[in-house]
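The letters A, B and C name the chains in turn, as written, and every chain counts its residues from 1.
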Amino acid sequence: MNKSVNKSVNEGVNESANVNLDANATAAPLTLRAESLTLIRGERTLFEDLSFQINAGEALILRGVNGVGKTSLLRVLAGFTIADGGQVTFYNKKQVPLGAIERALTRYVSHANQLKDGLSAEENLHEALLLDAIASTHQSRLDALNKVGLLAQRSIVAKKLSQGQKRRVGIASLILCRKPIWLLDEPTNALDDAGATLLLKAVDQHLTDGGIAIVATHLSLALAQTSRTRELLMHEITLKTRH
Amino acid sequence: MSHAGVKPKFETTPLDTPEHGLLVAAARDLKLAMRSRGELMQALVFFIIVASLFPLAIGPETAILKRVAPGVIWVCALLAVLLTLPRIFHQDYEDGTLEQLALSRYPLTIICAGKMIAHWLTTGLPLALLSAVIGMQFGLSPVELGVMALSLLIGTPILTMLGAIGAALTLGVRGGAILMALLVLPLYIPVLIFGTGAIEANMAGLDATPNLYLSAAIFLCGLVLSPFAVAAAVKISLD
Amino acid sequence: MALFKYAAPASFYPLAGMLVPWFATIAFLLCVIGLYLGLFVAPEDFQQGEVYRIIFIHVPTAWMAMFIYLVMAGYAILSLVYQTKLSAMMIEALAPTGAMFTALALLTGALWGKPTWGTYWAWDARMTSTLILLFLYVGYIALMNAIEDKKRADKAGALLVLVGSVNVPIIYFSVKWWNTLHQGASISVSGGSKMASIMLWSMLIMALACWAYAIAVALCRVRAIILEREKNAAWVDNIKQAKDG
C-alpha cells in the first residue's frame, strides 16, 4: 500500500530529465531576499526601505491590521506588483539568483478561492497541477482530497461546495503542488478549527521539506511559536521585525 | 536520485515544453467553455438575430440586401466577437486563477496564446461557418458565401488577438465592457475593410485574393506580436 | 547625463514653468506670421478661390494630430522600458492637445468640404484616417480616466498607445485602400506639391506655430499633473507655502 502511494506521489518527477533548467536551480534550499522594498499606493506609503531574508525551511508571518499592506507586500514578493524601490531576489543553494524561473516556483494563495466554479474538486486539482507541468495521477489527487477530508466531495462542482470546503480544496492543491515558495494571504479565512489545523500541518510539512512560507494574517497562528518562524509586524509606514 | 531523507520534491518534468503549455492553456479554456455551452451559444444566436435585423430594417429587396451583405454580416460578426471578449480573462480575474496562470510553469505569453486559440475555436470559427448560412438570407451565391466564410476565417483570429489586448487592459475597470469596445473597435477597422473588400471584390467579378492576402498578413503579424502584448496587458492588470 | 536630473518630476516642474512662456510667445508670433502670409499674401487658388485658405489651419492641425500621437508613442516606449513616471505623465499631458488638433482638423476639413464639394463629410481617405485617430485619442483618455490606480493607469495607457501606434500605419493604408476601391473623394489643393511656395511656407510656419503651442500647453498641463500626483511630497508643500505666505 505504501509503495503505491509513494509511487503516485513521485509520479511526474522525471529524475533524469531537467528540460530547461540547471538541475540545481530548482532544488531546495532556496533563499528569499528582499532589499529596501518601498511601495506607495496612491497617497499612502505602505512600506519603506523594508529588508529581510528568509532561508529554506523558514517562515515569515506578516502581522498587522487590515489594510496595512500585507497583501501588497505578498503581491510584490509574488512579482505581480513592482515595488517603487528595492528588489526581491530568490537564490538557489549556490547563491545564484534564479531569475525568471522564480515565478514557476511560487505559489500564491489569495483571498479569492482560486477555483473554477464549473469544474469538480478533483478536476480543479488536476487543472491547477497541469499548469505546473505536473501530470498528477487520479490516486494522488484522491489522496490529497482525503487528507483534507473532501474525498466524498471529489466529484461535486466547486460552485456547489461551501466556502470552507472550497478553501480546503485550496489546501489540497497546496499539498500537491511542488512549489518551494508559498505566499499565503489570510489562508485561515473561512476555515474552521479542523481546517486551520490541516493548513498549519501542511505548512509545517512544507517547511520540513525545505520550503519557504510567508503568511499574512491578522490572527495568531499556531505556527508562530516554532523556532523556524519570524514575525514582521506591519504598522502604518513604520515597521518592526522580531525573531 | 532520491535517497532516504532527501525529497526530490521540486524538480522539473518532461511536460515543461512551450508546445505543451500551449496545449494545456487551450485545453483548459476549451474545457471550461464546454461546461458553459449556453454562453457560447448566446454569441452565435446574437449574431443570427442581429444579422436578421437588417433585412427587417432595410426591406427584403434582394439587390439591396446583396449589396450590403458583406458589410452587415461582417459588422454583426465583429459585434458578436466583441460580446465574447470579456470571457477570455474576466472569470479568471474574478476567481483568482489569473494569479495562478501568471505563476505557472509556462510563460504567460504561451498561456495567453493558448487562451486566444481556445477563444477563436469557440467564437470565430463557428461565426465564420455560420456566416455562410446567414449569407444565404441575403441572397449570396455559393461562391460568394465561400469567400465570405474564408474572409471571416482569416479575419476572426485577428479580432480575437486585438480583442484580447483590450480585454486584458480593462480587467476590473469600471465600465469595462464598453470601454473595451471603445479601445478595440478602431483597431478592428483594417480587418473589417479587408474582410468586406474580399467579398465585394468577388461579387464584382474581381479577384478576392489581394484583400485576403492583406488580411492574412495582418493575421501573421498579430500571431507573432499579440501574445506579448496580451501578456504585458495581463501583467499590468495584476499590478 | 545631467539631463536625466530632469526626469524627476520635482526638478522638471520648475523647468517646465520656465519654458512655457517662451514657447507660448514663439507660438503666438509664428501664428501671426503664418496667418498673415496665408490669408493676405498667398495668391488665390486657381480652382477654389479664397475658400482654400482654410488649409493653412487644416493641414498643420492634421500634421500635428499625427505627430503628437507619434510623440506619445515615443514617451510610451520610454515609460515602459525605463519605468519613468514623467514619461507617462507627458503622454497624459499631450493626449488632450492631440485630440483637440484632431478635432480641429476634422472641423476645418468639413468646413472646406462644404463649399468645395457641397458636402461636409466626403469620406476622403485622409479625413477618415483622422477620424479614426480621434477615436484612438478618445480611447486613451477614457482608459486613463477609468483606472483609478495611477501606476496601473500609466502602464495601461502606454501599452494602449504603443498598440495603437503600431496599428496607425495599417489603419491608414487600409483606409486608403478602401477609398480607392470605392472611388472616394480626395481633398487637395490644385497642383498638389507644385503649389506656390508661399503657400507651402505658410503651412510650414503654421505647423511650427501649432508645434510650439502644443509644447507650451503640454508643459503647462504636465505641471498640473505633477502637482496632482505629487501632492503629498515635501517640495509641493514648499510651493503651497510660498504661494500662501
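The definition used in the following text is that a contact is a pair of C-beta atoms (placed from the backbone, for glycine too) under 8 Å apart; a residue touches a chain by one contact, two chains touch by 3 or more.
Keep in mind that what you see is a predicted model, and the values were worked out from it rather than measured.
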item: Distance-to-centre winner among chains (Cα means, whole assembly as reference); value: B
item: Pair of chains joined by more contacts [C-beta pairs], B-C or A-B; value: A-B
item: Rounded Å distance, chain A centre to chain C centre (Cα mean); value: 49
item: Computed distance of Cα centres, chain B from chain A, in Å; value: 34
item: Chain B and chain C, separation of their C-alpha mean positions in angstrom; value: 33
item: Multi-chain contact residues (two or more partners), chain B; value: 239
item: Sites on chain C at which at least two other chains make contact; value: 149
item: Multi-chain contact sites of chain A, meaning residues that touch two or more partners; value: 82
item: Chain A residues touching chain B - in the complex, by the definition given at the top; value: 10, 12-21, 23, 26-28, 75, 78-82, 103-108, 110-119, 127-128, 130-135, 178-180, 209-211
item: Of chain C, residues touching chain B in the complex; value: 80, 132, 135-136, 138-139, 142-143, 146-147, 149, 151-152, 155-156, 159-160, 162-164, 166-167, 170-171, 173-175, 177-178, 181
item: Chain C contact footprint on chain B (complex, rising order); value: 165, 169-170, 173-176, 179, 182-183, 185-187, 189-190, 193-194, 197, 200-201, 214, 218, 225, 229, 232-233, 236-237, 239
item: Residue numbers on chain B that touch chain A, as the complex places them; value: 1-2, 7-17, 20-21, 24, 28, 31-32, 35-36, 91, 94-97, 99-106, 111, 235, 238-239
item: Residue ranges of chain A in contact with chain C within the complex; value: 41-43, 82
